[in-house]
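Given below, in the form of structure tokens, are the structures.
The following pair of complexes shares a single chain, chain A, combined with chain B in the former and chain C in the latter.
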Partner chain A sequence: MAFAWKAAGLTYNRYLAVAARVVRRSLKDDKRLAAEKRGEMDLRFAKWENGKQGENKNLAQANEAAISEQGQQGQ
Partner chain B sequence: MFTKVARPALKAGQAVASARLPVNAASYATLREIEGRLKSIRNIEKITKTMKIVASTKLTRAQKAMTESRSYGQASNEVFEKAETKPLETEGKKTLIIVCSSDKGLCGGIHSGMSRWVRRQLQDKPNVDLAIVGEKCKSQLSRSNARQIVLSFAGIGKDIPTFADASAIADQISLLPGDYASVQILYNKFLNAQTYEPTVVDAYSEEAIAASANFAAYEIDDSVLPNLREYSLTNSLFWALAEGHACEQSARRNAMENASKNAGEMITKFQILFNRTRQAVITNELVEIITGATASEES
Partner chain C sequence: MSSMRIARAALRARPSALRTFPQRRGYADAVSDKIKLTLALPHQSIYKSTDVVQVNLPAESGEMGVLANHIPSIEQLKPGLVEVVEESGGSKQFFLSGGFAIVQPDSMLSINAVEGYPLEDFSPEAVRSQIAEAQKIASGNGSQQDIAEAQIELEVLESLQSALK
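On to the complex of A and B.
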């Protein structure tokens, strides 16, 4: 079973997030504002190597970059 | 006649008075000091009281979010319970522990409780990697086990954790290069408003799911397995984050309550000291005035 989004390099979580965003955006205005708060994510992360903390990066951007990279490898 | 005789005595009295003056001055100073301390303690009490109120209102929201998120985690764990999935005990492969703390302090020992748990675990089996959510546990564990840390996340704990938070963290974790035999999520389990304890939830690897005893009961395509693994990791993470958040708020509420109580005790203590010192100063002054008056009368 091959999924189109899998071929594009998306993870299942990413696929879910996109689907959820679409649903939230298609809600009525009053409900949408409350719902869109649930979709917010503002995390930073850092990779560690040999006991040293690496650079603090924005998680959302890093995830997108990783996914597009995987997508290119898949093609 | 009398004055001449009295002079040395007066002098001595003056000497005593001048000797007492610095003492007097000191007592005035301590009076002011006590006043200053009282004021600052009152301010601290005000702050801790406000923080307690904020934490209590946040706590009710966090508890609601926790009960809601519990169904996510339990629903996804139901599958593994029915399938009797167990973490694989393979030698040589690493275990990943995801520690769910937060960025903020002032909430008693909930972060250090988790750090202690991790340290104890690391003594038994050193072949473990750590992914840490939240600054507090990161700074604690980076002092002792910096080499084991592979990932750290910051920015959690401002508000109730969302599913988007959990899925972003899960994505980043699944991008990790290492091949982990089992992934454990460590979080503070919310027992009641006063107690919590560090607890572990297992997130299974694909092999572990495939090797589970009743796996045949579910018709799962092999290509769907990674999805299930990712999704269940996210679910468990979301649950753990929400429960940890609720614990943190309740712990903060308790900590702030204790702090306000302590401040109140200190205030009463200092108030009594202040009153007593003031009274002593007044009495002292009165004694001086009276002695002065009688002395001048007699002269």
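On to the complex of A and C.
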């Protein structure tokens, strides 16, 4: 089966995250506030080379960049 | 092929052999027409090995109903409504954001999803306003990735809206 999101370079994981986010946003206010906390993510990573720590990067931003790069390659 | 047939005949012969031991009960008379449902989210289990009569699933391959002794299969779920017909006769409806349903050989059904809520927990106004927003992004000239994500949101929201009607 051909999925449009796949052609745009999105992973299944990303697809699920987007679908879950929009479900959380559609809830009634009281449930939504509790649920939206689950969608928050703030992870950072750094690459170590020759015993030295590299630049600290935001994981979400790095993932977005990788996805859009993959989408362009697919074209 | 012939060895398969022998194996099947052996399988069929087994229940009658069990019947000679009255203290041992075969699977068939212990749980006859119920399916054990586990509906799990990362943060909560809605059902935990609960006996239910039937589960209707929105699989990518089409809507399907699962009863006891269903053929084993793995189905990818679309964002949509899962209906659970409980033992008491009532049915409950949950909207799941998409995941997988696994029918196991021994009348067990495991459903995994990221988010799932009973239908009454959703706000029709929030759905309507998000559809307008997602449509704007999907038809706009953002990046290919933004458009793809807006289309996913539209798919979920439209499914949710038709479920709420």
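Heads up, the rule we're going with is that the second predicted complex is superposed on the first by the 73 of 75 C-alpha atoms of A that agree within 3 Å, B and C clash if a C-alpha of one lies under 4 Å from a C-alpha of the other, contacts with A are read in each partner's own complex, and residues count from 1 in each chain.
The working rule: contacts are C-beta pairs under 8 Å (C-beta built on N, C-alpha and C of every residue); 3 or more make two chains touch, one makes a residue touch a chain.
Here the structure is a predicted model, which is why all the values come from computation and not from measurement.
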Q | Superposition on chain A - do chain B and chain C clash or fit | A | fit
(Q) According to the stated criteria, A:Leu16 is in contact with first (chain B), second (chain C), both, or neither; which is it? (A) both
Q. Taking the superposition as given, does A:Arg38 touch the first partner, chain B, the second, chain C, both, or neither?
A. both
Q) So, A:Leu27: does it touch chain B (first), chain C (second), both, or neither? A) second
(Q) So in the superposed three-chain picture, is A:Leu59 touching just chain B, just chain C, both, or none of them (first/second/both/neither)? (A) first
Q.
I'd like to know which partner A:Asn50 touches here: chain B for first, chain C for second, both or neither.
A. first
Q) Once both structures are aligned on chain A, how many angstrom separate the closest C-alpha atoms of chain B and chain C? A) 5
Q. Chain A residues touched by both chain B and chain C?
A. 1, 14, 16-17, 20, 38
Q) Can you list the chain A residues touching chain B in their complex? A) 1-2, 6, 11-14, 16-17, 20, 37-48, 50-53, 56, 59-60, 62-63, 66
Q: Under the touch definition given earlier, write down the residues of chain B that touch chain A in their complex.
A: 142, 146-147, 149-156, 162-165, 167-172, 174-175, 221, 223-224, 226-227, 230-231, 234
**Q.** Residue ranges of chain C in contact with chain A within the complex
**A.** 42-43, 60, 79, 95, 97-99, 114-115, 117, 121-123, 126-127, 130, 134, 143-145, 147-149, 151-153, 155-157, 160
Q) Can you list the chain A residues touching chain C in their complex? A) 1, 4-5, 7-10, 14-20, 22-29, 31-32, 35, 38, 64, 67-68, 71-72
